[in-house]
């Protein structure tokens, strides 16, 4: 059985990793869709698709499990979005999502949809991590160490801070 | 004389029907544009273009009047929008709209534009109808019975409720 | 039962009309998709979607049969095309097409697909009609008289001839 | 040395003119990008790209300085935006911008980026000028006289006022 | 009176220059549209919009005449193309074109369209110039000397030759 | 060092596999771009991006080497294509390509570009393999056995044959 999970992963954090580890016991293979792939360089979406792929791949490197990481652009046309995902991915049987729109779209197409159990949502959250980055607080414990390394390598925190500068 | 009216029709309601009945006495044929055709499955735009076409066509079935129902996508380029509408529709002489942008764009292109008289805007309103659907209140009296049937057939209220579920 | 047929209708001719008349005995309602809706003003696709809608609607005016005419743009992404059609149309059960790509795409999605019987393909053909228009030969007998009227009204033959002028 | 500056110029005002005059002493040639070129007919973006090009060209007419005015659409894909600008413009060495996103994108691509000194930002501001237009206050002193003439010619204030009318 | 001319200018050559010189005596201002602006790096369209803008601007530098150079992407939707051009340019009264599609589209919108007189089309032709570049023949006499300089600066002939290498 | 290679992989064959094996000795990681990702269901591009990802991933399963498989749509805008690839992929140092356009675009951006050595191009070729599929000849020996399995699972040969049927 092949599963599908989608997230923006801005950045990929321990909450994502926990969910994926759990799902890996339920399915044979997992497709990880990078949502809003075309977005980057904003306060809510600082990292490019390529950077997010690197975060995930490095984290899962020693993880003995068949997975695929596939960038998926927003297409702003909900009624065809499932079909768009299907065109870009190997076929799958079950979808994992905590997002009501994603769940509705896949359910209407007849997919089995599961709500993955998340824990410590207050800290394991992209919003919280980006907030800490901007405020100079400690964010590294909330992400896998490989993700922290990628973010350092691409100087991601500096990017975020520069993007937050007031225009005139 | 041929007229043009555009709306999102989320859903088509008695206010729309009243306006169309009135216009049908002023023009020989009416083009009904389905605006934001590409949008669906959101709290503000729950229904697909195809579903909205069905609502309108079934309601007007026994209505002895030549009309066209044509889906029109948003193109996010106001200065060419009138030209885009013209490409997709038979030629028309008069535009009916209560929306200031639509009126401005057609007036700049030399069209006669009329503001249709609406009544009972408080109840005959897509916003109000969707609010009632979400809250389990009675919404059926605000739409033609054919529209209520379509919404039941496609399980539209259930869709709206599921879309309103909180993500995590 | 609702059927779907798609064509470019450049222009709508007697062959199309015959097929639609035949299908109308097999289904309760028919959706007529205007393919390549965004194309116009070329030698192969001289007429806009709006003009083609007018040809079809005027021809079928006194035809007692529920049908929908819906412009469908090319999207150059075959794997999502069926989903795109579904978003813009009421649901349908059977597809009529003589085009192998259209048939393949709908069959892969589980639709029943029928090949409509065509006759006199040599004359009832958009290519042949446009050829005659360009050469000043008689083309009117090959199309419904309402179509000939529309083409006259929009001065379609003159357009085609001007488009065929050699550039330098 | 060739410079690049981008703005929405809704409308082009004295603040813009001052900046450009100053830059013209630092570079040999200046490329003036019209940002959000596809936007027009909204309260924040009332003027088309063509109208904005006219404002700038007429203002700089007797200005002895080589410049280029180039419309640049939003592409909603930050990571490729610099490359998109490069494709549409002659090559340049230095970028002038007060916008943190623009600065970040060009700096990541290795460009020298300067923050132009602005003065009287309270009055020399598109937002302030559009506010005055809507309220019938005096706005002409805030723009070059050629810009005021263009806006009169295209009846721009009337457009803005009509766009602000409440829909129903 | 303002005129509009459009070309791909791959590259800008003496034939183009002659036409523009002639037109400059008939109109007060001229808008020069760079067609297929998004195309570059192919055998038929080797130069980017930015490179073509540079060729034209440098050639016309000492030419005392008000002109605008504006890149115009193909939009593959003929029926709205005139409207698209209008959005990106100052208003104009007359169109100069030797292309039958361009002429037809503007004439249908009510524009005066003139066919510019060309001479020595056999040599003053983009196709011929690119052929010579590929074959190592003399092409410089067919273009203004500023264009030859730009092409040398960007190493355009080398690009063309590399693009013609056979793939495997 | 990270490398990048792009192909349409219609289908992935032994020639591709040989090249990738060779490259894997020169780089630490390899990004495999699926070109023309949006294309499928044509005689030249029968397989979807998802199907091609599956072919590659299954073939390389037991291959001890870090690689990424990333679908890349055509964008029909050569001058920004490299930037588009960069946005979707981890950063890379060297590009492998036998296509002159790809080589030119990356070289202009300063990348090291290598021409991979191919052998038996006559048989190890997508064109040849699709020709054999259509003619009922033996094609399986030309692809890895995992690819043959995927094509059987998705009934790819039958799809190709149906797509080749003559329209009327």
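Per-chain numbering from 1; labels A, B, C, D, E and F assigned in written order.
Following the convention adopted for this analysis, contacts are C-beta pairs under 8 Å (C-beta built on N, C-alpha and C of every residue); 3 or more make two chains touch, one makes a residue touch a chain.
Keep in mind it's a predicted model, so treat the numbers as computed, not measured.
Think of each touching pair as a link: the shortest run of links from chain A to chain E has 2 of them. Identification of common neighbours of chain A and chain B yields C, D.
Averaged Cα coordinates give chain B a centre that lies 46 Å from the centre of chain F. Between the CA-based centres of chain B and chain C the separation comes to 26 Å, rounded to the whole angstrom. In terms of their C-alpha centroids, the spacing between chain C and chain F amounts to 37 Å.
Annotation for chain B: residues touching 2 or more other chains are 38, 40, 48, 77, 79, 86-87. Chain contacts in this assembly follow no simple pattern; the graph is neither a line, a ring, a star nor complete.
Two chains count as a pair here when they touch; such pairs are A-B, A-C, A-D, A-F, B-C, B-D, B-E, C-E, C-F, D-E, D-F, E-F. Of all residues in chain B, those touching chain C in their complex are 37-38, 40, 48-51, 53-54, 57, 61, 66, 68-71, 86-91.
Residues 76-79, 98-101, 103-105, 107-108, 118, 121 of chain E touch chain C in their complex.
Of all residues in chain F, only 77, 79-80, 82-84, 86-87 touch chain D in the complex they form. Residue ranges of chain D in contact with chain B, taken from their complex: 38-42, 48, 159, 162-168.
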